[in-house]
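The two complexes that follow have chain A in common; it is paired with chain B in the first and with chain C in the second.
And now, the complex of A and B:
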């Protein structure tokens, strides 16, 4: 029914998708899996005719629907062709009932006299028919959803069903794309969802199911397509696949023997330098539920996991930027949470993943950006006046410090007075690192250090992190979505899943171990062969 | 050509137009029988009178609270200080010092509450500040009537209670700063040295503060609150501090204004202080998020220059009173212009 033939896409010269081809049959459930950034979203955008694709130069290859090539110009064309999409984020109106949401802008109406005078916009909603239609759509889905409940009062699972029912109300719908529909669901709700998907498939509706929960994919899909770095690496019938295969395929890239991490014998060990117990962090989208781990002095400790599973919440919580609880001890001393200043004073520093939002003063020069935190915290570039009564900011000292870091980190800029907002992503990241280095921390959190910067700069940034670890003995906790990066420089890697520790692995552990931990299968599958027991160095 | 364009874009077209207009007025003055010497003298006097109130914009802009549309609060503190000083019967330098000290004390108190309020309405500071200004004026209009002032100089003669709308400070500390080391050149030119020194002193204090560690924290809190928080700065405290500072400058500013003007204007008086001050700093090249001391000096001079020169020159030419119209067009137009370009800062 739907065929993709050699579909490819570049954004401003960056290739995100290349030569992807596969078919979807009527009534077939195709599981589409891949890491963050593997190209799943781009593929779906192409399929759905999203404006962003055309704006950035269109795509290569072709999309065939019933053997005829189609090139949708907008989501409306895709809808008209019978393709429905349920997005990861809900787009429902909280104050409307399920029925109203399902039939939004497609309501059944009754004409009246005003219609003759002023046109269709004056017609009256036909509540009875609408109720029938939404009931029918819900019935097709086979879920217990009350059409008259307001969306705001529904549990998350029901919101998800409302979204799907909305797509089903359109009679001609033949292909349904579900983007991470189970990500927000509890286990029992997810079961119901899977049952509903099977029911829809029986009715002849094809489903593309995007999920990182590999078990669900294996449970429900007829066929699995694995994307990695924009390429299709595997297209296989479900029967022939095991979880382990799938995890390994998804994470991919077997280690090429060029590990630059320290050899196991050289790795720091010993009593916990940073000890985190029962940490919870209320960071929207990155909730940490209950996490305990311990980092040895001088170690580079990696924290990985898929987006939204809580790995970013760890540094943000420990540094006091988001509401958190639990206990954090650094070098034996308790560090109070929810107090950024105390965390900094304890000797911790943080390179935030939100470079432009939290990491930089975009309107100020490099000198300010590099020196400000250190000035406030340990009087860097401060000259006492009148016996310390006033603490004068020495602009020349700030410039000198900044120039030193510009040289050391090879920051490309016109001068240290250049506004941080005008630097490239890679150089901005280096400024963020310089800022953290200037604090001379005992422990440095680095969050997504290579996000949004080009390959060459990535290399440099990682080298700098390693250098400060070796030369100054700074303990590093690095949080990253890029597993390869973590495996490249970390001594141990913790994987966080659903806000909890899924397991801790050595960097040379086989990729599928990581894949399994990320897919929420840690407890059972990862135990054998895992070199380090969770929570202990 | 390229350099001219660059200059225009750096300096800001409106500022260039206003500066040229001011020069034109000075050139035209002698031809319509207006004395340049007295015009210049007036301009400088007004520059000194209004300068500190324009300066009162700076701390709040730096901390990210936007333009201080709540200036009337500071002005009210200043009026309280001045009236209480007169009530106490202090004259001369002692009277002025008492007025200033009391004004600063009241301003610190009011500014603290005002700062706490602005911390609750982040993002809408300027709108809320405007209403803080308006409502405080109205509230104090009642206050001026009911407060138990006794001094015969100030209360209504026929009632014996309630303050007059305009109170002369002639018998107390009229022109006490203006006349300090004043330089007279010819018959019509007076340079009010003391007042200009006071303005420069206040400007120096602000400049000094902004170069301190704590002043830098204030600037960072305004530039990016999230960054400042991650650097261990208590952003709310910085903001409150800046509001207190701004309010205190406003209070000091009005006391300096009164001694030069010779009168204390109560009731609706504070209304007429805010917009000219806001407009002046914007003409000086500040934006809603950035301001420097140079912006204050330049802006106050240009704006007060226009204000001084238009009535005399334009009115002589057109034989009608246009000064108020031009003042309103320039000040409101400037505010409108500045609010539409929130980021670009002129040098």
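And now, the complex of A and C:
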């Protein structure tokens, strides 16, 4: 029914998708699996004719529906052709009932005299017919959903069902794309969802099921398609696949070069230097639900996991940038949460993943950027006046400090007065590192240190992190989506899945072990050095 | 049960506060109840329509429509013209409404366009837009009328020969709607015709909520992004909400002024917005939620306050000035408090809606605990 033929796409010269071809038959459930940045989202954007695709130069290859090529100009064209999509985030009106949401902007109406005068929108809603239609859609789905409950009072699972029922109200719907529909669901709700998917498939509706929960994919899909780095690496009937195959296919990439991490015997161990207990962080899109781990002094501790699973929430929560709870102890002393200054005073520093937003003062020079936090906290480059009554900024001291770091980190710039906003991504990241180093922290959080910088610069940034760890003995917690770089320099790597610790692995553990942990299952027992991981039941 | 009662009390805190103040103030003022009742019945007819005009923009998520001043100006232009043409009685009121309709719709469209470019800041934008339009209104009334627009009645013109006087005596239309049908009950005169117009307006609003456009406005008001994604023309819907509101404010101002009988050319409209909004808020409405009962309760309470507080102030401290001061203080204060409460509540709502994601030792399942803020 739906065929993709050699679909490819590049954004500003960066290739994100190349030569992807597969078919979807009526009533078939296709599991689409891939890591972050594997191209799943781009593929779905192409399928739905999202504006961003056309704006960035269209795509290559072709999308065929019933053998005829289609090129949707907007999501509404795709809907008209019978393709429905349920997004990861809910798009429901909270104060509306399930019925009102299912029929949003497709309500049944009765005309009246004002319609002739002012147009269709003056017609009155026909609540009885609307009720019937929504009941029918819910029945097709076969889930227990009360059409008259307001969405804001529903459990998450029911919200998800409401979203799917909305697509089912379109009579012509033939293909449903479900993007991580089970990510927010509890176990039993996920079961109901899978059952509903099977029921829909029996009715002849094809389903593309995007999920990182590999077990669910294997449970329900007829066929599995694995994307990695924008290419289709595997298209196979479900029967021929095992969880382990799938996990290693998904994470892929053989481990090149030798790890520069310390050999197991040399790794720091001992009593917890940083102890995190029952941490939760309300960071939108990166929620941490319940996380406990312990980092030894002098260790480089990696935190990995798929996007949106909460790994970024860890440093942001501990540093007080987002609402958080639980307990954090550094060197035995409790660090209060939700108070960035207290976190900094405790001797922690943070190199944010949001370099341009949180990390840098873009309109200021390198010297200001490097010294800014340290001035606040350590009185670096500050001259006391009148016995400390006033504090005066010392520009020459700032320049000296900045020049020192420019030399040490090899920051390419015209002078230390150059605006941070004008530096390249890699050099900006180095300035962020310098800013954190200037705080002389006992513990340094580094979040996505190599995101958006070129290959050569990546190398240098990682080297710097390792150097400060080795030379100053700074304990490092490094959060990254790039499993490879975590395995390159970390002593231990924790994988976060759905806001919880899935497990902790040594960097030399086989790659499919990481893949399994990211998929919310698998070798929890195989977690060396991990205190019993409080995973899901 | 107990928490339900508490929620009910919190939801109606403003109303209860004012009921309490008035319950204390009435005995102090020692005003005869019959006089008060008559006063309130009159003022209900005078003001309710104006306050009703505020409901639709609240529903469409645009907050309190400070831009209603634009409609009031349109209504005043209509009244000035019918006074000049000497069309009297109920037909004068009708003609004023007909003349000002296109003006109000045009101004409403402009207002909607501007507010669409200032999403999330509708209230302050509407407020400033009112000042801006006031300048254009003054240009029109102070210079154009009598120069470009022929005005035949010298009595309403300034002595220099063009421009409208500060006060226009609306003698032709004075209380023509109120006196169309008067019923006396227990010695109280009820302006039944005006009440019927207001009732018809309420019926229209109730009906309107059930229309497709009304449903779209509710959707837009609750979540613009979702409404856009489902294909609702969000900008058009918002413009229509403002246009309807402006038109209703225009009619409301005509009803208001025919009751008063004099037009304060350069000031009448300025107070309209502030007082209508204060009345609505005192009736228990908020920036995001307002209903017809809020309107009725608000008009009654606000005007009881208005009537009683100067006399109560005089009797209590010997100075009517204090009561007047209190009245001002209340109407501006209530708006400020309500705006602060609204943003505080919105924050609390966000926290509540994410409660399931916070501190979660249990996975997000089952009905979210404490679904209400």
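Details
Here is the rule we use: the second predicted complex is superposed on the first by the 499 of 537 C-alpha atoms of A that agree within 3 Å, B and C clash if a C-alpha of one lies under 4 Å from a C-alpha of the other, contacts with A are read in each partner's own complex, and residues count from 1 in each chain.
Everything below uses one rule, namely that a contact is a pair of C-beta atoms (placed from the backbone, for glycine too) under 8 Å apart; a residue touches a chain by one contact, two chains touch by 3 or more.
All values derive from a computational prediction rather than experimental measurement.
Partners chain B and chain C, once the complexes are superposed on chain A, both fit on it without clashing. Touch criterion met: A:109 reaches chain C, while chain B stays clear of it. Residue contacts after overlaying the shared chain place A:340 against chain B, while chain C stays out of touching range.
When the two complexes are overlaid on their common chain A, residue A:322 makes contact with neither chain B nor chain C. In the overlay built on the shared chain, the residue A:59 is in contact with neither chain B nor chain C.
Judged by the touch definition given at the top, the superposed model places A:368 against chain B, while chain C stays out of reach.
In the superposition on chain A, A:437 makes contact with neither chain B nor chain C.
In the superposition on chain A, contact of A:358 is made with chain B only, not with chain C. Set against each other, chain B and chain C differ in how many residues of chain A they touch, and the higher count belongs to C. Here the smallest spacing between CA atoms of chain B and those of chain C, following superposition, is 7 Å. Shared interface residues of chain A, touching chain B in one complex and chain C in the other, do not exist. Residues of chain A touching chain C in their complex: 75-76, 91-96, 100, 104-105, 107, 109, 120-125, 152-157, 184-189, 278, 280, 282, 287, 289-290, 323, 325, 498-499, 536. Within the complex formed with chain A, the residues of chain C that make contact are 207, 210-213, 215-216, 218-219, 222-223, 225-227, 229-232, 351, 353-354, 356-361, 363-368, 371. Chain A meets chain B in the complex at residues 319, 321, 340-341, 343-345, 350, 352, 354, 357-364, 368, 372-373, 375-377, 379, 382, 390-393, 395. The part of chain B that touches chain A in the complex is made up of residues 208, 211-217, 219-220, 223-224, 226-227, 229-234, 289-290, 343.
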